[in-house]
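After this come two complexes, each holding chain A, first together with chain B and then together with chain C.
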Partner chain A sequence: MLSIGLLALSSCNTDIDIGGNFNSYDQTALLSNLGENIILTAYEGLAEETALLQSSTEAFLTAKNEVTLEALKVQLKATRKTWQYCTPYNFGPAADLGLVSNLNIYPIDLLRVESNITSGSYDLTTLANNDTKGFQTLGYLLYGKDQSTADIIASFDSNREKYLTDIVALIDETSHSVFNTWKNSYLATFTSAGANGVDAGSSVGQLVNTMNRDFERNTRDGKIGIPVGIRSLGTPFPEATEAFFADYSIELLEINIEGYEHLYTGKTGEGLDDFLMSISAVTSTQSGLDEDITAQFSKVQNAISLVNDPLIDAIANQKTQVETIFAEMQGLVILFKTDMASSMGVIITYQDTDGD
Partner chain B sequence: MKKLNFALIFGLSLAFLSSCNEDDEDNEVITPVLEVPSTYSFTRNGETSVSFSGQTDRLDMLAEMKSYLGNGNSGEEISSQTLLDMFANENSPFANAELNSSTKQLESKTFAPDITFFKAQITEAVTASVDVAANQTVADQGQSGRLERGTSGKFVLVSEKGWEYQQIIEKGLMGAVFLNQIYNVYLTDSKTGDDVDNIAIAEGKNYTAMEHHWDEAFGYWGAPESLSASLPDENDRFWAKYSYGREAYLGTATGLIDGFLTGRTAIVNNNSAKREAAKLVIYSNFELAAAGTALHYINDAIVHINDGDFGNLMHSLSEAYAFVMALKYSPNKSITQSEIDSILNTHFGTEGDFWTVSVSSLNDAKDLLVNTYSELAPNADEI
Partner chain C sequence: MIRLIYHIKEILSRKVSIAPVVTFRVLFGLLMMSSIARFTWYGWIDAQYIKPNFFFSYYGFDWISPLPEHWMYAVFGLMFIAALGITLGLFYRLSAVSFFILFTYTELLDKTNYLNHYYFVSLVAFLLIFIPANLRFSLDIRLGRAQRVNQIQALFPIILKFQLCLVYFFAGIAKINTDWLLQAQPLKIWLAAHVYKPLLGWLLRYEWTAYIFSWVGMLFDTIVPFIIWFKPLQKFIFPILISFHLMTWWLFPIGMFPFIMIGATLIFIDAKWHEKVICFFERTRFYSSLANENHSTGPLNHLVKYVFVLFFIVQISFPLRYLLYPGDLFWTEQGYRFSWRVMLMEKAGYATFYVTEGEKKIMVSNEVFLTPQQEKMMATQPDMILQFAHHIEEEYKKKGLVDPKVTADIHVSLNGRRSKLFIDPSVDLTELKDNWKHKNWISVQ
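On to the complex of A and B.
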C-alpha cells in the first residue's frame, strides 16, 4: 500500500495529472471485483429468489390455504432482502429495463390497484401503472391492512389471482433480464479498458453517481426521511414506509446498508475503500477518508439497531431515534458525495431537482 | 445574378478608380480580407454593423410568457386573454413596457401550420389552471391537474396526457418561432442568397441587407455577442442555453459559434461559397442540439420512472416532446417526418399520452435518435 502511495505521489509531478492523483490508481481489479463478485452476484441472488417467488405464488394459487400463504409471505421477504443488495446499481441494464419501476416503487396507488383488479384490464408496463405493482403491492395483496388471514385468502377471486400472477411474473422477468444482460454483455462493458477512468461515461463515474443518488434519495429519504416527516414539516407519512403492509422496513434498511458496505469494501476483494486508500484520500479536515467512512457506517448501523420494526410504531413512539438514523445517513451522504467523489475525481452530475 | 454582376462591376470600377487615384502602379489593389473574429463583433467605419433588436424583443416576449405560465404551475388561475395577447403582442400584456411598444410579435413568426396547436395549448392550460386553483385537482391518466415534482413542494400543471403546458408552449415555440425563422427564413436564398443586396447600406443604418439578415438569424440563437467560448452562462438564452448544455458531448456551441462567425465574415468578404458552407454547419448543429437535448430528457425520464416520480417524469417528457417536435422545422433534417411522428405518437405514448409510455418505449425513442444521429452514440447514456 505504501509503494502505491508513493507511486501516486510521484505521478503528481507529471503534467498529466493536474487535478489530483486519482489517475494513478489502476481500476482493473476494482472493476472486475465489483462487477463480478458484488454486482453480478447481487443480481444472481435476486433472480434466484424471484424464481422461487414465482413458484411459491403458483403453489399458493394451486392450493389456497394458510400454509401456502405463509410460505409465499416468507418467500416475498427473502426476495425483498436480496433486492436490498441491488439498489446502488441503477444504471445500464437496470435503468434500461426499468428494474426499480417494476420491483419497488412505493407508496402504491391502492385505488388504482383495486380498479385494475376489478376491471381485469391493464398494461403493467405503462407509466399509469408505475405505482400499482412491485413488492409493496404484493405486500398489500398478501397482508392487507388489519385483515384476518382467512379474509385475505377468501379475497383471491380469479381477477385477484391474475393480478398477483402478473405482478410476480413482471418482477421475475425483469430481474432475470437484468441479470442475464449483466452476465452476457454488460459485465464486459463495465470492466473494459475503455470504461476505466473517472469521467461521466466511465464505470466508476457512473457507479459513484448512481450509488450517491440512490443512497440519498431512496435509502436516506425513501426509507426513513419521508416516512418520518423530513419532507412534510415533521408530519409522519406512514404509507410511505417501504414495507407498509408487511412491517419489516427496518430489517430491509439494515440489509440495504450492508449492501452499501459490500460495495464500499468490495467484501474480500478490491472495493471503493482500496481506491481511497491507494490515493491516501483525506477529508476537508485532513482526516483519513476511509477511516471516517468506516466509522460513519458503524454510526448508521448503531442508530438503526436502537429502533425496532414496525417502523410506523417506532416513528410514533421513538421519533428522535428514527431521526438520528436519518442524521447519521446524512453524515454518510456528505462523505460519499463530497469527499469520496472529489477525491476520486468523479463529478456528481445528477441534481436533486431539475432547475428549469 | 443581376445584382451580383452589378456588384462585381461596381466593385471593380471602384477598385480601378481608387488605383488611379493612388497613382501607384507597383502595388495592385487587393480587397482586404477580414479574418474571422472570436466574438460576434463586426464594424463598418469604426461603428458596429450588427443589429438584431427585433429578435431580442421576441426572446424577451417568450421569457415573459414562460414566466406567466409558471403561475399555472404554482396553482394560480391564469388568463387566456393575457396569454393570447402575449402571443400576438396586443393590449400591452407585458411587464416590460418596451415590449408593449415594440412592433414585433411571436404569433406572426410562428410556423404557420402550428399556430392553431399553440393556441389550443394556451386555452387548455387556462382551463386546467382554473380547475387546479379551485380544487387542487391531482392529474391522472385522462385528467388534467397538477403533480408534485419529487418532494420539492413544486408542482407542474399538466394536461390529461401528462403534458406540462409551460414546457410544451415555451420549448415548442423555441422550435416553431426561433428555429423556424432561422431555418426557413434567414438562412434561405431569399434572405442570405446571392441575389440579396450586400453592397448598399440600408438607409439610416450601418449594414447591408444580407448582413442584417444574418444577424437576425444569430439573434434568434440567444447567445451574447461576446460568445463566451466554454461554459453556459446566464446570458445564454433559449437555444444558446441548450446548445451550450450539449457542448461537452456534442460540441454544438462551438459548432454554432464557428458557423455564425465564419458565415458573417464571409458576407463581409463577399465569399458566397464560405457563407453557404457556414449555413450547413448552423443547420446541422441546431439539429444536433435539439436531438441531443431530447435524448438528455429521455434519459432523465427513464430515471424518473425508476424513481416513481410522476411530476419530474412529466416535466422531462414534456421537454423531450418539444425538442423532438423542434426537429421537424429543418429543411435539411437527417430524421424523417415519419420517424418524428413515431416518436411523438407511439414511443412517447399512444397519440402522445404520456401515461401510456413504458421504459421500453422510451428506449425505442432513444435508439431511433441514436441511430439517426451517430454523434449521440458514444455518450448516449450520459448526454
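On to the complex of A and C.
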C-alpha cells in the first residue's frame, strides 16, 4: 500500500491527475487570513470602540447634560456594532476571559441591577451577576424605558454613576484583554501547523463548532427566535430583544450577519468558502454547496431588509416577516451544520467521546 | 448431513491446549481494566451516565435505568474489580458473570453510546462465563480453588475465534456498497480531514488513496476470517492485521477498538506460542512438566452446548435482519446496530422539533433535554427521533399542555451528499410507537 503511495508521490510533480483529484489546500493561508484580518481585526475594532466608550462615559459623568448623554449613546451604538463582528469567535481567549458574559447577555435582570445600584456592593464577575451588566444594562441606564432625557440625567446619583463606570470598565477591560491575548499569543497558536486539520482541537474544527453554536443560539434564537416567541408558544417576548432599550436590534442583526459573511468569505482573502470549495471538490458527491450557502446568506439579508426597527413593533405588526428571517436563518444553520461540516469532515459536537 | 454434524461434533470435542484461551483471558482482562480506567479518567462516566437527564433506552429495555449519581462510579469500580478478577483468574466465574452483567448494564442504558466494540466486549464477556479459562495460570489454581488442566475441548477457543471472524466478515460485506467501493465514501471525507497529520498525512491528499483504502479495507475484512486459520499464512496476516488496526487508530477516534481486536486475534496463533508465553510468565517450566500432560476438563455440560449453539445461530442471523426492511440501510438505519458496521458512513443531521397545541406552536431547545452527543446521535437515527419526540410530549404535558403534537424538521447529509429532509415533517410523532416494523415516515433518500 505504501509503495503505491510512494508511486503517487513521485508522479505528483509532473502530473497530478494520476492521483485523481488532489487535495492541495493549504490551511495556513486560511488560518492566517481569518486569524489576522478577520478575527484580530474584529477584536481590535471592538477594543478601540470600548476605549472610546470609556472616555465618553467619563465625559458624561464630568458634565451630565443632554449633549454628553447623546454622545455616550452614539458611542454605545458604535461599540455594539463592532461587537457584532466578534460573536462567532467565542473560543480561546474570548471563552476563557468571559467576553460574552461581560458584554452581551440579555435579557437583563432589572430588579437585580437596581438592587446592585442601591446597595453599591456587588461583584460583577460572579455568575449571578451575568445578567446585570454589559451593553443591555448600559442601554437600560442610558435610555430607560419611557423616561424623559431629563429624568435619565437626573437619575444619576453617585451609586448609579459608580455602576455605570464599573460596567463600562469591565467591558473595556475584557475587550482589551481578549484583543491583547489574541495579538500576543493566541494568533500564533491559532495559525500554527499543529492547529491545522479539522478534528476537535484544530482551529477549523473549533471555529466551525463555535460559529455554529453562536449562530444557532445567539443569532437565530437570541436575536429573533426568542423575541418572536419560538420558546413561548408564539407569545412574543419583547424584553428578550437585543437593544431592547435602545431599539436598534435589526440594525445589529444586519451587522452580525455581515460578520458571519466575513468569516465565510474571508473578505478579500481566504475564507471558509475557499476551504469548503477546495475540499468538497474531493469529498462531496454533489456540487453547488458554496453557491447555496451564498444564496442563503442573501435570503437572510433580504428577509432582514423587509423589517424595520424597533423589532418589538415589527413583531407586533409584521410577525410573518420576522418569522421569515427566522426561517431563512434556520436554512443557513442546516447548511452550516450538516452539509458544510460534513463536507469538511468537521465533527459537530461539543463533547469528547469515542466513535466507531 | 448427519455425518457432517458428527464430524463437527468430533472436531469441537477434540482436546486442545488450554493456553490460547488463557492468554486471551489475561489480555482481555488487562484491556478491560485499561478501558475502564481511561473511560473514568476522561470523565465519561459523568458525561454519559450522570449528566444526561434523559436516556435513549433500547427497545424492550426501558426498564433499565441509571443508578443515582455516584452509584454509577461504584458500578465502574466493581466492573474494574471484576476485570481484575478475570485477569488474575481469581473467583473467575463470579468475576466473568459480574463483568458481563455490569458492562452490559451500562451499555444498555443509552443507545447514544452504542459502539460495536462495546457490543463485542459484552459478547466476549458472556462467552467467558462458560469458558474455563482460569484452569491454568490463575490464582484460583494457586489458591486450590480449581484443578489445573492442560487441555480443554476445542469448542472453547473455536467459539471465540468464530465470534472474531464474524466481526471481520460482517464488517467486510457491509463495505460492499456503491458509496464505499465506487465513490470511496466516506473515506474521501475522513482522509481529507487528516491530510495535515505529520508523517503520512501527505498520502491522504490523493483521491486514489481513499479508493485504495476502501478496497483494501473491504478485501481485508472479508478475506481475513477465512485465511487467518491457516498457520503458514499467519506470519503474513498478522503484520498486516496489526498495521491495519494501528492505521485505523491513527486516523479515527475509535478508542480502544484497534487494541481489543489485535489482542483478541492473537488467539488464532498456534498454541505452542501461547504455551511459551505462559511458561515465561509462570517461570515454571519445571512445574509445567510435573503436571499430567493429559489432564483435561471433563465432558461438556449440555447447557453449555445449547447456549453455544443458540449463540451461534443468533450471531449469524441477527446482523442480516436488515434484509427484511425496505429502503437504504444507511439512510434508515433499520437493522443497523449489532451488525458489525464499523466506520461505514459519514452522517450528519440537524433536527428541530416543534410542539403544537391548537394555534400555539413552540420550537424545542434540544439542548435543554439532551447532551450534545445525544443530540447529534438522535438527529440521524429514526428510533431515537421517535423516543425523543415522546419524551418531549411528556415534558410539555408536565408544563400543562393536554395533547401536544410533536413534529420534526430534520435534515440529514449522508456520505458527502447534500442534506435532505429525513422524515415527514407533518407526521405527529406522538401518535407513532416504536416497533420492529418498517418506519414508513422516514423519507426516501
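Everything below uses one rule, namely that the second predicted complex is superposed on the first by the 319 of 356 C-alpha atoms of A that agree within 3 Å, B and C clash if a C-alpha of one lies under 4 Å from a C-alpha of the other, contacts with A are read in each partner's own complex, and residues count from 1 in each chain.
Keep in mind that, in the parts below, a contact is a pair of C-beta atoms (placed from the backbone, for glycine too) under 8 Å apart; a residue touches a chain by one contact, two chains touch by 3 or more.
Predicted, not measured: the structure shown is a model, and the values here were computed from it.
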| If you stack the two complexes on chain A, which partner ends up touching A:101: first (chain B), second (chain C), both, or neither? | first
| task | Between chain B and chain C, point out the one touching more chain A residues. | result | C
| task | Check the residue A:298 against both partner chains and state whether it touches chain B (first), chain C (second), both, or neither. | result | neither
| Touching A:184, do we find chain B (first), chain C (second), both, or neither? | neither
| request: Applying the touch criterion given at the start, work out whether A:342 contacts chain B, chain C, both or neither, answering first, second, both or neither. | output: second
| task | Would you sort A:283 into first (chain B), second (chain C), both or neither based on which partner it touches? | result | second
| query | For A:147, is the partner it touches chain B (first), chain C (second), both, or none of the two (neither)? | reply | neither
| Is A:231 in contact with chain B, with chain C, with both, or with neither (first, second, both, neither)? | both
| query | Of the residues on chain A, which ones does chain B touch that chain C also touches? | reply | 217, 221, 231, 349-350, 352-354
| remark: Listed in rising order, chain A residues that touch chain C in their complex are 1, 4-5, 8-9, 12, 18-24, 27, 193, 196-199, 202, 217, 221, 225, 230-234, 279-280, 282-286, 288-289, 292, 330, 333-335, 337-339, 341-346, 348-356
| request: Sort out for me which residues of chain C touch chain A in the complex. | output: 42, 44, 47-48, 113, 115-117, 183, 185, 188-190, 192-197, 200, 202-209, 211-212, 216, 252-257, 342-343, 346-350, 352, 357, 359-363, 365, 367, 371-373, 376, 409, 411-413, 415-419
| said: Give the list of chain B residues in touch with chain A in this complex. | reply: 140-141, 149-152, 154, 162, 300, 302-303, 305-308, 310, 312-313, 315-316, 349, 354-360, 363, 378-379, 381-382
| query | Touching chain B in the complex: which residues of chain A? | reply | 90-92, 94-101, 105-106, 123, 125-128, 130-131, 200-201, 206, 217, 221, 226, 231, 349-350, 352-354
